[in-house]
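Just below is one structure, and these are the notes that go with it.
Chains here go by letter, A, B, C, D, E and F, matching the order in which they are written, and residues are numbered from 1 within each.
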Amino acid sequence: MPRTVVPFGPQHPVLPEPIHLTLHCEDEIIKEAVPAIGYVHRGLEKLAEIRDHNQMVQVVERVCGICSMIHAAAYCAAVEQILGIKPPPRAEYLRVVWSELHRMHSHLLWLGLYADAFGFESLFMHFWRIRERIMDVMEATAGNRVIISVNVVGGVRRDLTPEQQKWVLSEVDWVEKEVARLKDVMMNDYTVKKRTVGVGILSKEQALELGAAGPMLRGSGVAQDMRMTGYHAYGELGFEPVVETDGDSYARSNVRFREVLAAVDLVRQAMAKLPDSELATAYKGRPKGEAVMRVEQPRGELLYYVKSSGGKYLDRVRIRTPTFANIPPLCAVLPGLELADIPVVVLSMDPCISCTER
Amino acid sequence: MLDTLLFILIVLPFLAGLGCYVLRAEGVRSLIVVATGGILAAASVMLYFQTPFTYPVEASVQATLFGVSLDEIIMVADFLLLAVILYFGVRHKNAIIVALAILQGALGAYLEFGLIEHAPKAYPTFVIDTLALVMVLIISIVGSLICVFAIPYMKEHEHHLHLPASKQPRFFLVLVAFLGAMNGLVMANDLAYFYFFFEVTTLCSFLLIGHDETEIATKNAVRALWMNSLGGAALMIGIVWIYSELGTLEIAKVISQQHTSAAMLVALGLLCFAGFTKAAQMPFQSWLLGAMVAPTPVSALLHSSTMVKAGVYLVVRFAPAYADTNLGLAVALCGAFTFLGTAALAVGQSNGKKILAYSTISNLGLIVACAGIGTPTAITAAILIIIFHAVSKGLLFLCVGTIEHGIGSRDIEDMRGVYGKMPVTALITMAGVVTMILPPFGMLLGKWMAIESSAGSLFVIVMLALGSAITVLYWARWAGGLMSVEGGEKFKTESQAALTRAPLMILCFGAVVLSFLAPWIYSDMVVPLIKLSPYAVAAGGLQSGAGSFAVIPLFIVGLIGFGVAINALRKARSSHAFDAPYMAGIQSPAVAGAYTGPMNKPVVVTTGNYYLSAVFGEEKLTPYGNFAAIALLVLMFALGGLF
Amino acid sequence: MIDHIEDITAETLIGKVEALKKEGYRLVTMTATDLDAETVDLLYSFDKDLALMHLRLSAKKNAPAKSISGVYFAAFLVENEIREQFGLTFEGLVLDFGGALLLEDSVRPTPLCRYTVVEAKPEAPVAGA
Amino acid sequence: MLHMTGTILRNLFSQRATRLYPIEKREPFAEVRGELLFDVEKCTFCVRCQMACPSQCITVDRKAATWACDAFACVYCGICADTCPDGALSHAPAYRPVAREKSQMFYQGVLKEKPKKAAPAAAPAAAPAGESPKPEKAEA
Amino acid sequence: MQAFEIGLNPATFGWLLVGLLVAPVAGGLIAGVDRILTAKCQSRVGPPLLQPFYDAAKLWGKETKVSNVWIAFCSWMYFTAAATSCVMFFLQSDLLIIFFVQAVGAVFLVIGALSVPSPYSQIGGQRELLQIMAYEPLLILVFVGIFLATGSFNISAVYAMDKPLMLESGVVPMVLLFVVLGYALTIKLRKSPFDISGSHHAHQEIVRGVFTEYSGRYLALVEVAHWYEVVLVLGVVALFWATSWYAIVILLVLTYAAEILVDNITARLSWRAMLGKLWASGLALSFVSLAWLYAF
Amino acid sequence: MLDSFIKKSRIKSPWLLHFDCGSCNGCDIETLACLTPLYDVERFGIINVGNPKHADILLVTGCVNHRNKHVLKTIYDQMPEPKVVVAIGACGLTGGVFRDAYNVVGGVDKVIPVDVYVPGCPGKPEAIIDGVVEALGKLSEKQNAAAAAVAAE
């Protein structure tokens, strides 16, 4: 049978970011999928050689505009490890608050894009409309909507005043209410299920074997969430990883959907427990040594490796992002799908190419 | 005058064929074929001015050929023919053919020597009404054009095969003689004659299909032979049965009234069955598909003007006899089912000739369905479809043949972008497709009539509705693919043998002009036959209480639109602002039709049609389709005979 | 400062990795760091039940390293990346992008090597003093 | 299949969510880090901002007493403002307006005696403060 | 039938002009209203009412660049066919013929798309064909239903009746047929869940599908042709209650509102699902209602 | 009359094509946010199209890397005249924080001509709207020349 070769991307409306897939299909069934990346590779790990470890906070925060704050937090935590300092407790809690806000905005953004991928425009609009509240919260509390730059080595730069806390909680309540209203659409709508249930199945074994991370892994039934390791202040908060077992796109979207609600809960918990303390720990000297730090990004486990020999600049900053880890599993599930499922499945892993390629 | 005409139309082709066979020089052969074609065409046109008439004019006079009674010649020839078929059956070790040939021989002998009282018959041997005329025109003009086309085609065909000795003499013998047999068949008023010519076409097609003598050709030829022998046997049984019921072999008599007795309906059912086999209706479609191995002119001939048309001619001819009976309904169901089933099968094909084959069967199904419905509008539809289908389908086969010789493939995937290489042929093909499926052209006129006249029959209409939608799918994607070239290359003229180009041009022109003339064809050809005028011809359109089709106004509007569109195309071509196709931003600057893919390597973009093989695949669909078709056939006899 | 780290050699690498896979470890990633003009430090990170485990290997730049993509398919991506950024080739790479995974030919090869600079690039920032 | 209906109908019959920017402009939040503002009078040309800026878009010339910033490369992180010991840098809550041409921030100050500030009268005259559209700088 | 019997009297001429000139304007306005309402459903403001006209005019004025000159040809053919079919509707011609003429446009749209070897336009073309294949039988069966109720395929016959079509033969079959028509309408309006071959909405896996390679004024033509088609299908909807202008307007408003609603509460199906759904439920519904009509 | 309507329509119907040229996503999600209810640029007749052949305004985000620059150029070339380009964010303007990274070209205007610059990191949705409005002004300036070209053809 004749094959149709589809150059899917790099410039493609369903892809917010450039990535390329060469798809060979027959009657729109994918027989072979070959990925190509490199359209967003900037090479910013190398910038560590010309930016000092403080400037690097801003650089790694710009690895990705969606999960930016958590990048910076993870990097700072790694450098703090090398320096042997601990941020003050309030900073740890604030990092949790902003991290979870980021997770909410990232997941809401994703849910919208995902809805768009199967042609549900009004749902996309709705999720993004809800998301704007979080953006407002970030702008008001941290001074910028997207890249909030609150982290510094040793702690955070910004604080939440009591009024701000109250306001944030009320905004978060609103978001929770609105999101919960869409639960039925995401989980029970006939057309949505038709497009997602059983599409792009990744079994538990495959997920582990291929090194999947985050919701991709949890959607396949593996309860693995870096927050369980208790970094920042997560150890002091009640937290259960969200797990689904079917391993299909529907399961993955459910994981993210439920994580939005879980994030709301974590924000509330953190706010309730917010301790009083300094915002940042002062330190002297330059880092010397190496450290590995893992945190949970919206897309899964993020790993920072930082090495320094005490000079002005760091020796090496290595970022292993969750999407990078999720590419092999993605390649494994593509063959056999329909062309129309490609956006759904590609998005169900929640690709973030700027993270992947750095 | 009349006997000369009949002689030219029926006997001349046989003689010309023999001439080709005996005088083996290529030039002579070409001359004979072209001349015969011309004479046949001229004769058929002259026939037009004589119609209707019977021959001999005096019913009591007996027709003779060179002084010998024609009846006797036919009788002897009949047995000879069966003997030849028997011979082939034995030679190819096919028990079915042998058994059927013996059965037919026995029945024929029983009929000739047991049943018939050999008194001089009191009815004319040939009756030429407008239906016969339509058929003769198609056979003699379209058929002749195909024979002419075959001259350069076969030369090239044999060139590819590197044969030690040319087999063309035999080929043209059969090809040209075929036309004579068909002419005889459609004009015969005597079932015995009809049977004879019917069997001649069977034999001719067998010989033509097996012409290349490859293993597959022989296999398919044998299959065609046994399936058609089945039809021959059914025809023979039917004839015997009719004779025993009515005591006559006169066709005009049989169809002069409606029959309602179970016995007659079963007999007529057998006739229809014979028609189904010949017209390759499901479940007999496989022989016609197998026939695709033959050189393309053969396919063109079998599909457009001869052979399969004999089958539908039979069904349509006898339609008045079973109109308004359960048999009629059953025939309509069978036809509609074939229409739908083979249209669906065509979707799964990428072989251009197979698509054409399925489409032929599908359209024949439509004709059969109309015959089964049997109302005046339905018969009108049937006749119009016969005409327009012959022209367009003949054209399309010739196009495929030409393209095949040009690009070395008959696969529609390989025909993508043929416009870049063979623009004229591609355009003609496009025109052929358009005349097949779109208004205001004749095929669609016929389909419209078919749908409107079967609107009263639930199952039939549902199948027709589905089938016609599927039809659009497989034609349109083909036509679109032909044009699939990048950029705006200059229109290159394409050189072609005159004998190739002329038939293409004439048929293409004919398809368009005939469509334009549809209202007049209707009032000239159809009205005299059905002796009714279900449609009023007004303002260049056809109207009935149930609907209206403004042929001429649509043509005019279409022409204006076409003119504007062509003008836009010219402008676009001359502006030279061409742009690479959209390929997600990575069109390769270096390699045409490619993009820069993984690892920075160029990837050539290929595209393929959808064949929906999971549903419409031949292997998937054929068993179910055949099963259902057989069930319908059983139903047909049951309905006809029992209720 | 990194817990659970084990030094290995090129010979023991594959065996060790296979053993880890049997134990149910998941490959997290590999990290390459330029040590000096000859050697690259390769750090393999594995995870089981949220605990990390590392293997450390000093690879010579001029000799191909062993690929573990035969054991963990997922390693192909990061090995390709390392090859492109450090010029270290891998033996037995199941899917080789031939050095064109991320970078165009026009860009300096092995950009992440600190010590074998192919083409000096001014490190001074634009608005430098 | 009708799960979205409620939401849709509610939207249809309630106030739309759209902010009609640019017709109606919302007050920016107080602490937004918008356009970078520089007060040449406060600056001591100590170069700390240049050292800290992660985007490295500030160029301070201690000797010539100039302060320049490639404003289009600024990433609005606010580090410079945090670093500046003299409060010469701050952020406006609104963003820098869009432009058809690239421009530079360039200020000419007067050298001041280390601890003390220069006479206020001298500064404004010497400072052709403002932004000069200038072709983009050559980059490495 | 009447259409040509009335000949060239002023009324005919008037309707001709309505079909030719008023219809596209109406179609454009409907598209404008549609966009505003859709925006409202999504809690947005949406574009100005005249936006579709701005879009078309802008496209008309753009530089014309094509990958294959057949695009130019096919866009004009599509336009001509759509306009003709719409005019024929207002001349109360034969429903079947009107739709066959409309199919000419659809087929040329596809041929144009297939004439460019870009995978997206090719896929769009193929999908468009599948859509045609999905809705054509349904429409034909709806027309057959109308025929069974009125005894003619001519639209004039519908107007000649004094009872609304919907109430003919005891409501049920006609309402079922109306639902079937709704399926076809959704496809023709290119609305979710059946906006498969090229939706108005950009974020689709096949970019703009069948329209990918149409650009500039050729895209403008395609847009305007689409307005004609919208008016045409809505015209068929109106036939179901054509006894009074009020009824027509109410029916149209309700139907269109339902389309917008469906568009906003469903995801896009894949073409396999579409074909299955339309053929299974669409055919079943029309079969039942036709059987009902035959029986009574 | 038609001519003037077309002219008027040009600035009333700007169709956008957004291309991420190696950005961190920050600017992209802000661009996308412009389409969503709170900002709803469809008010200005803006549609986000996925196909350069249909676009009037090209929004580019990101610092342009060496692989992507070819894509950017191709897309730009495929857009029919009249067209304008808006570069968004510090990255799109100059390369932003990434200017000195080895795979960064830095600034959209190094590859294609840019008409409007939207500063920010990321450019806020409001700023992006401003940018588009500014671009429309530019478009209407450009349109006379282009209209002449179309008329000539």
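The definition used in the following text is that contacts are C-beta pairs under 8 Å (C-beta built on N, C-alpha and C of every residue); 3 or more make two chains touch, one makes a residue touch a chain.
Please read these numbers as outputs of a predicted model, since none were measured by experiment.
Identification of common neighbours of subunit B and subunit E yields A, F.
With centres computed as the average of Cα coordinates, no chain lies farther from subunit F than B.
For the criterion of most C-beta pairs in contact, the winning chain pair is B-E.
Put simply, the chain farthest from subunit E by mean CA position is C.
Note on chain placement: the centre of subunit C and the centre of subunit D lie 41 Å apart, centres being C-alpha means. Between the Cα centres of subunit D and subunit E there is a gap of 54 Å. Between the CA-based centres of subunit A and subunit E the separation comes to 43 Å, rounded to the whole angstrom.
Each chain gets one centre point, the mean of its Cα atoms, and the points for subunit B and subunit C are 70 Å apart. Contact of a single residue of subunit A with at least two other chains is seen at positions 4-5, 7-8, 10-14, 28, 38, 41, 43, 46, 50, 58-59, 62, 120, 122-126, 129, 132, 147, 189, 191.
Along subunit D, residues 1, 3-4, 8, 16-18, 20, 54-57, 70, 73, 75-77, 139-140 each make contact with two or more other chains. Multi-chain contact residues of subunit C (touching two or more other chains) are listed as 100-104, 111, 121, 123, 125-126.
Every residue of subunit A that touches subunit F in the complex is listed here, in rising order: 10-14, 16-18, 38-44, 46-47, 50, 58-59, 62-66, 68, 109, 112, 124-126, 128-129, 132, 135, 145-147, 352, 354.
Taken together, the subunit A residues at the contact with subunit E in this complex read 4-8, 12-14, 28, 115-126, 129, 189, 191-192, 194-195, 338-343. In the complex of the two chains, the subunit F residues touching subunit C come out as 66-67, 99-100, 102-103. Listing the residues of subunit B that touch subunit C in their complex gives 598-600.
Residue ranges on subunit B touching subunit A, taken from their complex, read 350, 413, 583-586, 595, 597-599, 603-614.
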